[in-house]
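Since the structure comes first, as structure tokens, the remarks are kept for the end.
Chain lettering (A, B, C and D) follows the sequence in which the chains are written, and residue indices restart at 1 in each chain.
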Amino acid sequence: MIKKTVADVSAALQGVEDGMTIMLGGFGLCGIPENAISELVRLGVKDLTCISNNAGVDDFGLGLLLHKRQINKMISSYVGENEEFERQMLSGELEVELTPQGTLAEKCRAAQAGFPAFYTPAGYGTEVSMGKETREFNGKMYVLEEAFKADFSLVKAWKGDEAGNLIFKGTARNFNPSMCGAAKITVAEVEELVPAGELDPNEIHIPGIFVSRIFQGKDYEKRIEQRTVRKRN
Amino acid sequence: MIKKTVADVSAALQGVEDGMTIMLGGFGLCGIPENAISELVRLGVKDLTCISNNAGVDDFGLGLLLHKRQINKMISSYVGENEEFERQMLSGELEVELTPQGTLAEKCRAAQAGFPAFYTPAGYGTEVSMGKETREFNGKMYVLEEAFKADFSLVKAWKGDEAGNLIFKGTARNFNPSMCGAAKITVAEVEELVPAGELDPNEIHIPGIFVSRIFQGKDYEKRIEQRTVRKRN
Amino acid sequence: MLDKNGIAKRIAKEVKDGYYVNLGIGIPTLVANFVRDDISVEFQSENGVLGMGPFPFEGEEDADIINAGKQTITTLPGASFFDSALSFGMIRGQHVDLTILGAMEVAENGDIANWKIPGKMVKGMGGAMDLVASAENIIVAMMHTNRAGESKLLKRCTLPLTGVQCVKKIVTNLAVLEVTEDGFRLLERAPGVSVEDIKQATEGTLIVEGDIPEMQL
Amino acid sequence: MLDKNGIAKRIAKEVKDGYYVNLGIGIPTLVANFVRDDISVEFQSENGVLGMGPFPFEGEEDADIINAGKQTITTLPGASFFDSALSFGMIRGQHVDLTILGAMEVAENGDIANWKIPGKMVKGMGGAMDLVASAENIIVAMMHTNRAGESKLLKRCTLPLTGVQCVKKIVTNLAVLEVTEDGFRLLERAPGVSVEDIKQATEGTLIVEGDIPEMQL
């Protein structure tokens, strides 16, 4: 068994530098690597390009990095819910590349699985396809999209083991699995870190081969963006 | 919940006709749809094109269909271990299209996920890439491969529920998941069929949306091709 | 004339037994409330869940179980969770039977614009471009006119497109319309709305053939 | 001169701590028996398992747990199962550190042929084309000459190729060689084998610089 455990978030993020491209899992605030984001804030690394479906809210998630002006460019599918983001974007301080959500996911998966590029129908005929190759297959038009290239991938899982195997929970899975192994170094933080052999090999969502470093996260806030409930009768 | 259960293998294979293209899960004899193959033999459908990583052995798996001369064409990555196959291939009765194993898997996955084509490095510079588009990305050469088109996909899972959700076991998973939803109709046979709600939504390998019909299989032989063991000390 | 719930109620009639359905944010979300009890339908949310149920009871919210609108949800028996790549595989691979989403503009050729207004803050397309480019069956739920009273059913979209030639049906506060090769074909009038009202509110080509029935809700 | 086990033993020295390794059928399979106990290595099999262990004890075989050679196997703590698409994602995405496979011919430019002999029954390439086209670190394990005594290390392959310019290192019964821009560079001699013996058995360009040490096994 190849051991991937590191002592803490600080050891896990060793090597992160100014100007790097970083992938971050999560959908909204669900399944985001909270510990790793806090460490990026602490490290104060700047000029980051962040690949993440969303950009957090003003005081949580990637909003914390935006607040400190650590991000130069965001590659996302949806960036609402964030006033500081809006201000920086409108003032030109922040570059934003909007990518259809399914394309974003597949650009991660392509990087993970060694595909340089793929054809998708999403965005054909829109400004998203401008400057990109388009092509017809079986009477339908497709856009050629290329795999992401990133330095670090920061993901959050529910359970993990020493070998780096990961299990996600509910919709906190989202972009996390496809980002594993999609960057040069993949850092996984987990709510529960167990010895190798405790996870059923049949129930593992992402094998440890896609994970470079794993650590037990702490103090998870798991903030809810839209608390919707119904009354009991 | 959308119910996918059908009474038996006969109901599950309703609509299979001569000349169709059929995908079959399994690696060697591991994880093959035993019940569906028996039913194809019973139905006597002919001129089939079969997409399957292997071709079974003389008296089991796809060998049973070969024996009855029901297959016109095999699309596989490895077809050893089968004398009748060899005879039919050398005599020209059987057409064989050999495809690299990873390309075979991805051609299934592309069909499942709505990708018309993808670029892979496998087979570049070999006879596999003859007549296909090749292209350079980042200094490396790739071959353009297209998604499969099939009429039926016949897969085997370990557990399944009424909603068509599937869980596979061990290496019997292999090609089965990527073939789900990769054909017009997907038929899943399972060792254990349970009511909806009994499988943990977090542990499902293939959501029911990719499965058209599901039934409880019976009399699984699960033959072992190479029984390798060690002695206890 | 319908309100938002009325539009949702009318669209719910388009949801058939055995359908997997993706609902966009806004009016489409309301559709789930009006689907008949005697048919089997599963709702997919592109962030990675199939078989969504109602909102959780107070105190039972789980931060790890949300829909694409970031709302806390529950799941029903037969539900499954999956990653974003597989989720868009469902969508792109046309396994989802019906997509219902809102729009700023729809053109008579089926083009749709619903993600960007030049000069205003752009929040992003989210999954909308994947959905409209992939789905075989797309229904748009929207008001017939914007706040300034201008038609949202146009000859050509003026806003940046989300997808081309993809919308099949539109349900507005005034009417049900089908997108055909010749333009918007009027199928039904909302209660109390005349064909003339609809003509006035439609900039694109409107095809009116025979008697136009009033919607049955 | 080495036998098959000797070749496997020498190759085992190339397996480093922390490596994920894919072993082909034949001599490569034997490599697992000789890897040092004090390093951490995981074996991947392309049919969908990482963390393979030894063969099962008699009576404990599980038809659902096999390797790519269709042999019954066991798994070690930390193992995982996955589908074929993900498995080849590992391979294609260069997450597997070392691939060891057999060959019929290797050319001095790194081309490899190991799947087809025209006129004979062709069993297929299995995963070999994906492996050789993707892996950054490929070692070929084979006999230096074929049964007819002809060299398998050639200027150009004569058989249909499995992959181009991909082999980095070759371990045969006679020698360890590295594929360089100028040809096969001789690194080590097998015990009791002379440089002259190796020259005789090598059709491709052989580069011999300085003293060639004998293998340490």
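The rule is short, and it goes like this: a contact is a pair of C-beta atoms (placed from the backbone, for glycine too) under 8 Å apart; a residue touches a chain by one contact, two chains touch by 3 or more.
The model shown is predicted, which means the values in this text are computed figures rather than measured ones.
A.B. asks: Counting one step per pair of touching chains, how few steps separate chain C from chain D?
C.D. replies: 2
A.B. asks: Relative to chain A, which chain has the most distant C-alpha mean position?
C.D. replies: D
A.B. asks: Counting only Cα atoms for the centres, state how far chain A is from chain B in Å.
C.D. replies: Chain A and chain B have C-alpha centres separated by 33 Å.
A.B. asks: Using mean CA coordinates as chain centres, what's the chain A-chain C distance in Å?
C.D. replies: 28
A.B. asks: Which integer distance in Å separates the CA centroid of chain B from that of chain C?
C.D. replies: For chain B versus chain C, the centre distance works out to 36 Å.
A.B. asks: Counting only residues that touch at least two other chains, what does the list for chain C look like?
C.D. replies: Where chain C meets two or more other chains at a single residue, that happens at 49, 81-82, 85, 88, 91-92, 134.
A.B. asks: What positions in chain B touch 2 or more of the other chains?
C.D. replies: 109, 114-115, 120-121, 168-170, 201-202
A.B. asks: Based on the touch definition given at the start, go ahead and assign the chain network to line, ring, star, complete or other.
C.D. replies: other
A.B. asks: Hey, which chains are touching each other here?
C.D. replies: A-B, A-C, A-D, B-C, B-D
A.B. asks: Once bound in the complex, which stretches of chain B touch chain A?
C.D. replies: 114-121, 137-138, 140, 142, 146, 167-170, 201-203
A.B. asks: Quick check: in the complex, which residue numbers of chain A touch chain D?
C.D. replies: Touch list, chain A to chain D: 1-3, 109, 111-115, 161-163, 165, 181, 195-197, 201-202, 204, 207-210.
A.B. asks: Of all residues in chain D, which touch chain A in the complex?
C.D. replies: Answer in residue numbers: 18-20, 40-42, 44, 49-51, 75-82, 85-86, 88-96, 134.
A.B. asks: Show me the residue ranges of chain D that touch chain B in the complex, using the header's touch definition.
C.D. replies: On the chain D side, the touching residues are 45-49, 54-73, 81-85, 87-88, 91-92, 111, 121-130, 133-134, 160-164.
A.B. asks: Could you please specify the touching residues of chain A with respect to chain C in the complex?
C.D. replies: Result: residues 27-31, 53, 76-80, 86, 89-90, 96, 98, 100-106, 108-109, 120-128, 158, 168-178, 205, 222-232 of chain A touch chain C.
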